[in-house]
Every structure is written in C-alpha cells, then in structure tokens.
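First up is the structure itself, then whatever we jot down about it.
Chain nomenclature is as follows: A, B, C, D, E and F, assigned in order of appearance, with residue numbering initiated at 1 for each chain independently.
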C-alpha cells in the first residue's frame, strides 16, 4: 500500500530508489576508487592500502580498515566548513564498521586499508551511499593484494517517515521534513549489520520500525545487484 | 521462553534487569543531580541551567539542551584517558537528542540546560543509564524554572545477542562477548526515540531485531516505573 | 588567642578543621580509591598503576607518579566547563610533586602511578583535600605492588587571612573574602614539602606568614591522624 | 631553440602545455564551480559567496575573497593525510592573493567569496591549475551578484629547469627531477602578479630566470584563451 | 653566619646577589621595555597597552594586566621547544598577579596591559628576574597613560637550600643541586605578595622557611634600589 | 639612474642598504648565535644541533636543518600575538630551504640543526635579515661539528616598487606603500636560490622584474661582504 497517494518531490514511488550509478576505476592514483551517484548525491570513494597498523595490532600479523568521510565545501548550497568535526567522525566509524564486517583482516598482513569518502555533491543519504560506493572501491583495491579477503558483500540505504508514510532513499528535501530517519546496512547474505533509527520529531512505533526495516531490505537488494553488475563488467574487461 | 537454559554470569534471567537505584538530589551545588546505579555501573548525572543559547537560537526566545558524557579515569579497571574523544561525543549527542524529545524548549527562554553524565564506575550500559538517570536530574532542575516544560518521560536500556540468546541490560562481561549490541530509548507513552543496533561479529536477522526491540521495551517499562517512584518520593518530601 | 572573637560562617573556631571523612576502597575498578569529604568539599581520588614511564625514564628501571585534577561540571553552583585548563595543570603538578615526596619510585619498576582527583562537590580547599585523600588511595594501590615503596606520610591543608585573622581550612565563602590564601603540604615526620602563599588583596607580613605556617601544621597533624585511623581499619579488615 | 633534443616523459615539446580542459557549472550546489584538467591533474574549484567579512573589514561595506586548497586522500599514489597543513595554507594564500587582484571587492558588499580548490587527482602543477580553474568558477559565481566586479582575467602556470632545459607545465615526474621550480601568475593584460622561483638543487642564473618568465608568459597566454572560450560558450547558452 | 664556609660556584657569599643591570627603553616599538640581566640570566620585558579587556570586565570601565612568559629556543644549552606549555602558564600567572598588586587598574580604562617576558639567556631565576625587570617596563608604559596608576613598587628574587645552607639568588648550577627552591615577591613597602617554596628533595623545616624568607627580603631590598636608580635616571633625562 | 629624484623616508638612495651590523657569538648558551641589525630591524638568530632527525631520514645517516621564525610580542608598535601562525611557517620554510642549499647535510650525521630566528624589533625585511644573520650563526655552530659541511655562502634582501621606482632594502614604511614586494636569496657564487615577487597592488612588468633582480643582486653582494668580514674577525680571535 506504500505505492499510493502522496507524491514525492521528484515523483518517485515510496519504495523507489533514485537513479544509481557507480563508476569504478575513477582515478589512476588510488588503488581502488569509485564515484557513486544516487540522484544528485555524488560521493568519491577511494581505498588506499598503507603499510602499518594501529598500536593495538602491531605484532599480530593482522591488518586494519579505517574510514574517513568529508563533505567538500561546495557540496552543499550552504558552504560546508572544511574542518573535520565530530559528526563526521560518527559517520566514518559507521562506514568503517560496516566494511570491516565483510573483510577478513587477518589475510592482509600488517597494513591498513584507508577508505576515503568525499562528498562532491550532497542531496541526502551521503553516508549510506558512501558505504555502497566504497564497497566497489574496496573490491578493486583488494585485487592488488594476494589471498581471499572478502567474505561477503555490503550495501546501505536510508529510509524515513515523512508525514505518516515510510519512504525509501530520502533526498535532502524529504530528509529535512522527516519525523524519523533510519540508516540500514546489510550484507549480501541478508544479515543486518547496522540499524540506526532516530526520531527527529515524533517517536515512532514498533510497527513503523518493522516497516522501515523491510523497506530498507528491498532497497539494499537492488543496490547489491548494481554493485555486482559494475564489478562483473570490471572483471570481464 | 527466553528465560530458560544458559546461565548469565551474574545468575540473572535473560529478561532481567540488574538492581537499579536512583539517588536524587545527590549534590547541593547543581540545580538537578542524581546518581544512578545499575548493578556495578554508576553514573553521576547533573543538570545546570546556564544563560544563553547556541548561535542558531539567539534572538528566538527558545532554549536549548546539550549533554556531555565522560568516564572518570578510575571508572574502568584499565585507566581511561581523560581527554574527551569523538566516541564520547557520539554518546553525548545520543543523550542530548533523547532528552530534548521530552522537553518543550520553547518554554524555558534563552537558556541552555547542560546535562553532565560522569561515569564513576563502568560495568556496561553506561550510555543508557546516563539517559535514565539524567531524566531524574532534569525533572529536579526544571522545578527551579517556571512553566510546564516536560512533555513526556524517557528512559533507555541496552540489549544484545550473546551466543544465540537475546539478553536484557548487558554487563561489561556480556557486552564484550556479544555479537550484536543494541541501545534503545523510549518515552513514557511507548514511542521509540532511538534504536542503534550494531553487529560486532555476525550480522543479525529481522527476527532477532524484533526480539531485541521487544526485550528492550519490557526493560524500559520497568525503568520508567523506578523513575516515577523516585520522583514521587521527592515531591512528597 | 586565635580562638576568640569573630565568628566563622559555619561557627567554627579559627583553628578548627571542618568535619573530615575518608572512605577508602570506594570503587571496585581502580587499584586504589578513596572519597574524601571535608565539610561540603568532596573529592574522589583514584590511583591506577599503568605500565610504562615518560621518555626521560625509559630504560632506567624506575617508575613515575603523575596526577590529574579536574572539577566535575556540577561540582560548583556555577557550572564548570569541562575542558582541562592550565589552572588545573598547576594544581595537578602540586599534587604530583607532593605525593612523589613520599614514594620511592625506584622500587616500582617502569610503571606510572596515575593519581586522579575529581572534585564531585567544591566548597574550598579542593587541592589540599585531593592530596590528603589521594595519599589513602595511594597506600591501597601500593598494596598491589611488591616491596616497601612508601617512605613517609603526607597531608595538606589551606590557611588564610580573613579580615586580620588567620583561619584554618577555609570554606569557599571564606576563601572568596580572604586577603591571603596559603596552601601547605607537610609529611608525617613534620617536614614542609610545599608552601604557596598568595596575597589576593593586601600583602602580608613576616609575622603573619609564620602564624599561617603554624596554624597549617596544627591542622595537618590532625589530618595525618585521620589517614592513619582509616588505613589501620583497612589493614585489620 | 627550446623545442629540440631531450624528450619529455610524455613526448611534449619543452614549451608545450598538457591537454587542458575546463568544465564549467560542474555542480548544482555551489554558486560557481569548474573542474579543470591539465593532463592527469584534476582540480575541482568552487566559489561560494557567504555573508560576512573578516573583522578588519566589518563596517567598511567592502567584501573579501579567501581561498582554501586541499588534496583529497586518494589524489596521490601515496595517500595524502587529510589534516590541512601549513604547506596547504601557503598555497591557499597564493590562490587568494592572485584572484583578489582581478576582483573589485568594494563592489560586492560585506560578503566573502570562498574559493575552494580540491585536488581530485594530482600530477604536478596543482596550485597553478587551481588558479586557472578557480577564475572560471569565480566568473560564474559573480554572475549571481550585481555590478561590475571583475577588473581583469588571471591564469597561472608552472615552469622549471630539468637538466639544463627550461620546461613549461611540469608533470609530477618532471617536477621531482627539476633543479628549479617556478610558479608564475599573470593577468589578462599581461602584468605579473606573482613569481615564486625556488632552486631545489642547483641555484639558477639571471638568464635562466628570464627564460623561465618568458616561457611562463607563453603558456599563460594560451590558458587565458581557453578560459575565454569556455566562458563565452557559457554566456551564449 | 651564612657568610662562611662553603664556596658558591661563582665565588659569591650566600647572601650576595649576582651583578644586576636593568636597561630601560630597550626597544623603540613597545610602549615600555627593559632588558634585565642578573649574572648570565637575561630577560627582555615589554609592556604593550591594548584596547579591550577580558569578558568579565567588559562594561566595568576597569582595565586589566596580563603577562606572558617564554624562553627563546637558544636561551638554554639544551634547545627549548617553542610551544608554550603549562609550566610557562604557571609562571605567567605568577608574574601577572605580582604586577597587578601594584597597579590601580580602575584608573586605566578598558584596556589591557600585556606584559611580555622573553628569556634571551637562562641561568636560573628567570621568573623572578622577569618580575623585577617588568616593573621597570611597566613604569615606562604607564607614563604614556594619564592618571596615578602605580600604588607601590614590586620586585622578586629566588632563594634556596643547597647542602644545608640557605643561598640568595641561585644560578642554574645551584638550582639544580638545591633541596628547596623558594621564590619570593615583595612590595616596596615591605609586604609579601607571594611565597612559593618547594622541596625538590628533603622537606624543609620551619626554621629554614623563616631563614629563606629573611634572606629573600634582603635581596629584594637591593633590587628595589636598583629599580629606583634606573627609573630616576629616566625621569631626569 | 635609479639614484635620482624621489626621496626615501630615511634619505637613502634607491640602491642603498640600511646600516648593517652583525654581532656574532651573542649568547653563551647556543652553539651558534648572531644578532643582525639592518636599520631598526633586529633579529636574534641561534643555531642548536640536536640529536635525531625527522622520520624520513632515520637510518640514512644524514642530517637535517630546520628553521623557526617568530616575532616577539613587543617587536612591533602593535603588539604581535605570540601564537605561531601559518604565515610564520611560510617564512620559516623559506629560511630553512635557503640555508639547506649551502650545507652538506650528509656530513653531519643524524642530527638536526635548529635555526631559530626571533625578531626583537621589526622595521621591514625581517625574513631576509633572518637568512643573512642565521648564516653567521650557522657557521659558528658548525665549528663545533667535525668535517667540511658548508658548501657555499648565502644572504638575502628585499626589494620593491614604490611609486614607479625600484628600491633596495625596504623599511616598514616603504613596504606598506609598495606595489610590489620581492624577496631574493642568493649564494656567494652568485646563483639565485629563491625569488618571491608579489604584486600587492598593480601587477609588474617583465622589465621591472629584471630591474628588481639586479638591484637585489647588488645588495646581496654587499651583505655577503659584511658576513665575511664578521666571520674572519671571529676566526682570527
């Protein structure tokens, strides 16, 4: 019944993703790189393996993956100040945790995979797009390292409640009107890695929580398919 | 059926809270203060109204509420370095958002309610205990301000999956073995304010997500009753 | 003659300490911990041994002791901003120096004793109470290490000149009216470790300096007795 | 005679620029934006007018222009740490000074033009490409403000001495072998705005200094033509 | 009896100051400036009145005096890192408090007197030399302001216990061997402004404390005379 | 023909340096030290060898030279805030690069030469005076190290265009009126190490650029002679 009545600002149905495009091998310089576009949201994701690990791993033979997230100053109609803030750090911990779930870090030796997600243009859903795009850059970068390192696939999407309707993949205009905003990260095998639901205005109910989870699962399934199609084209080439 | 088989380290049933005690009016200096103890977790919560608001509210006549969270160095068997870190900031944003949900900030004029949660002794669940305890300190502090400011009650609890079992109110030892850790914040009227579920190890399923939510709802109901009992004793005195 | 005329705000005689209570083993988490209360001043002192020493001691086989001091935000009727400031650092250097005087750091190997003094409620004399309380926590923590490490006992008190009268153990209200404020640290064997006297208003005379020193010595003698009584109860238990 | 003998790594003649492309209106979010590509060097330039000016201009009715420069982490084969460093600040002062030369800041009221240059991919000459590209973004952004603000055109290029030969527009590989590196900024009317020549290895002679200046002037003339062609296409559209 | 037996490294008697020289009007740029030399210790003191006061004084019509203290990197045989540290801040608070004692800040309007003490060459006693020299620079700077602002004269000296002997004005070599180090600040009218005595090794006795105070008083009397002679030469010229 | 018409504020001819004096061995504490005075500009330069090198040189057996530059607060009629800023860092990189050109760092082992330039009094040309003075301090400091480390001599001067006239060695008053400001660093053998020319107002022409370079070369020749005369006096003594 989600597909009826109230119009979304860009004419999408409630359970419809924005147009998604992932451009792999976007840069010559980084080991892995991908530009992901979800509607007007554009994020450049790069992955750079660097020798060395954080202190708690030195001497263990295991590797690490860490993420950084930043919005370019011109990515928003109101200029974004450049200094990294604690909100960015909350986001980058989310990105890092999500990607670590699908990598066997014991296989890569004492090196750190730096995942950098830089938002070129922001129109909502930048943190979940970062995860979905970074997965593609990660696969690219891991092709330069020996061994079977990937253990699963991972993608993410935002959902939310606007008015009384649950919507998939909110753009900025919808996000700013939403009563609830939820980010969901899931693996290729259907497991939930992360759920972060926040009531900005009215609290939400148990039933709405479940509807949001299901809507997110639908969207993530389609994003996993986009990732696979991009990556199989890469392998063939 | 959760109440069967596998023993918890302190002999509790899966859906059982640790002993909870909230000591209101703990300090003479702060407008509101409460010490909350959940098992061996002890958090000192204070609320201090301060004149002035952040720049985005100046001139609006509205107030603000912000939270700070910190662990005292001796609160953990491994000494906690004192410098505030970005993890603390993620936690204090959660505390601040949760409490703002139940306060009508338009009623308090251009002042800021500083909520300070200092962990005296940590044994798991410090961020959710902070929310539950800070609510009591907040009620105290608001008694010094005119008007009807509170619009609802709020409390929080952690739940998690250890082995294959969903457990309520994890202590530190359980938390460190958990595959999934979820913090849930709910209001007195039963709405969900925040859900943050993270798979530290294996991803979790839709069914487990729902079971965790329901377990949290049970626990929060009991915490709301403890808050009410403490506060009614205060009013009578 | 000090004991005559002018009334103190709490009715004490000029050479009278406020009620003192030291609660040892206050926390389960820290190796040593004590809550000291002098009137309404309450300071939580913990001592945590941590492996490693500052660069200038690496390779010497000797240990180190360092102190940190902080006021909790709600410890004062005017909220205390949390960021550690340089005034706190001046205080923590005083605490550290005073305690190092009674510890044989060559006996503890290359480890650092972190002494943390967190003011829960402030009513004057927090830095001297920190030293007196931390000594008890230090004795506790050293029981977990082998060898004879303690070489003496140490305690501290503040004295000051209000009007023309020399007073022992100033509370906040007295301190804010004092012309001179002096902190004195002495050992169990009666030596002076530190004297810091500052004229906030009128300079003081040589005769007053000597009277203040003598008044402090009286107070410290009583605090040393309180420490011994608390610690002997511990040992018996 | 520069055009003879020694081969450049990419087959260019000594006085030949790399292929240059400027893509205007690159983003929807920023008032002005352009992607400049010089060979493999790619810089995203945005210009955002923001209300307010630095303290020294408040109340004067005049505006300001300031630049920020940053390399994205994946822009180099060796990952670039994200924290802004003092080298970046030296570069952004150069960019800011160069663009202020061609803008009549008295015409724009008390607003600040933020020029952001983010290096997407680095292959030498990023600071001079930033100036050349930012000029196009600046023209775009100024179309949203009333009045005649631009007083001249500006572009920049790097030159250097490799072996004994003066070369135009060094790529990274040449730059790393150069004995002298010089950045030159000139206006549309042929004036020199900035010359920064540094001997990394052997000092250079008066004759070489003049030859480098002349080579840069040739290159800048061509870059000014590219800017004009891009901007006239914009205006026609 | 102090004047007997044990030799000081530079042949001085125990109660003898090093040669003192104060060069007033040392710079053309600062409102007040003086170079003080005590033996090989050289400190450049400048005083600059700046419009404006700290927040707690805005609107009161009163002024402020604040001090900064720094050691130049080459001032010690072991290079001093340039970043201001908390030890410097403890010293600059001492300098500021001492000078504020002799200035009537209500007379200078809402301006701040910045006292800057930069150690050119360090050989012990730099903080007390800073106070003594800064007083001269302060008098100079106050001549540019209207009104009677000075209420007294102030100077400072260090004393200490080396072996069992009390010594005046310790040089670095003596200071590093001292068991006790005491800094004393006194006014022209003989009042004590500050006493800071620290046992670096063995604690000191009541009798030693009094002997150190008396020794300091002798030294300060001579320094006050040097200041007066320098300043009267200034006034005559 | 430069020597005609328009008067300079201090009566100098356009190609005339201000009176220059370099006082070597200015401090006892630093390995090398010199005070350079050019007119009213006074800079204290010290050089301190410190064991250890930056990470990129560890294990190579080579040394390093780094410079720090700072203005003392009282060095300007408007007090200079003490915190090191990015402009200072741009200057210290210039000083460091210039001096490294004349030192064979492979000869000094894994130690770092810290060059500290502290401006005592500023009247224009402080960065170029720093280079010229630091060279003398460097020669002194290198006499304490074995081997032939110096490979050339280095000095620097500022030139500029005021009105339409090219002037040598601008004082502050001239510098603030200049349309173009250029700093030039040259070696004893006549090579150019650095040229930094900036149009503050009107751009400058190719012909003016050449005239400025030639004027700087004249001034530097005289400064090199002053350095030699100071250093030969040192060697003879």
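Criterion: a contact is a pair of C-beta atoms (placed from the backbone, for glycine too) under 8 Å apart; a residue touches a chain by one contact, two chains touch by 3 or more.
These numbers were taken from a predicted model, which means no experiment stands behind them.
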Shared interface partners, meaning chains that touch subunit A and subunit F: D
Interface residue identity across copies subunit A, subunit B - same or different by half: same
Remotest chain, subunit E as reference, centres from CA atoms: A
Subunit A and subunit D: spacing of chain centres that average the CA atoms, whole Å: 34
Whole-Å separation of chain centres (CA-atom averages), subunit C against subunit D: 61
Subunit B and subunit D, separation of their C-alpha mean positions in angstrom: 52
Subunit D: positions in contact with at least two other chains: none
Ring of chains, enumerated from subunit C in the sense that reaches subunit E first: C, E, F, D, A, B
Interface residues, subunit C side, partner subunit B - complex: 27-30, 33, 40, 44, 46-48, 50, 68, 70, 72-77, 79, 82-84, 114, 116, 118, 120-122
Sites on subunit A touched by subunit B in the complex: 86-87, 89-90, 93, 97, 101, 182, 186-187, 189-199, 202-206, 209-210, 213-214, 217
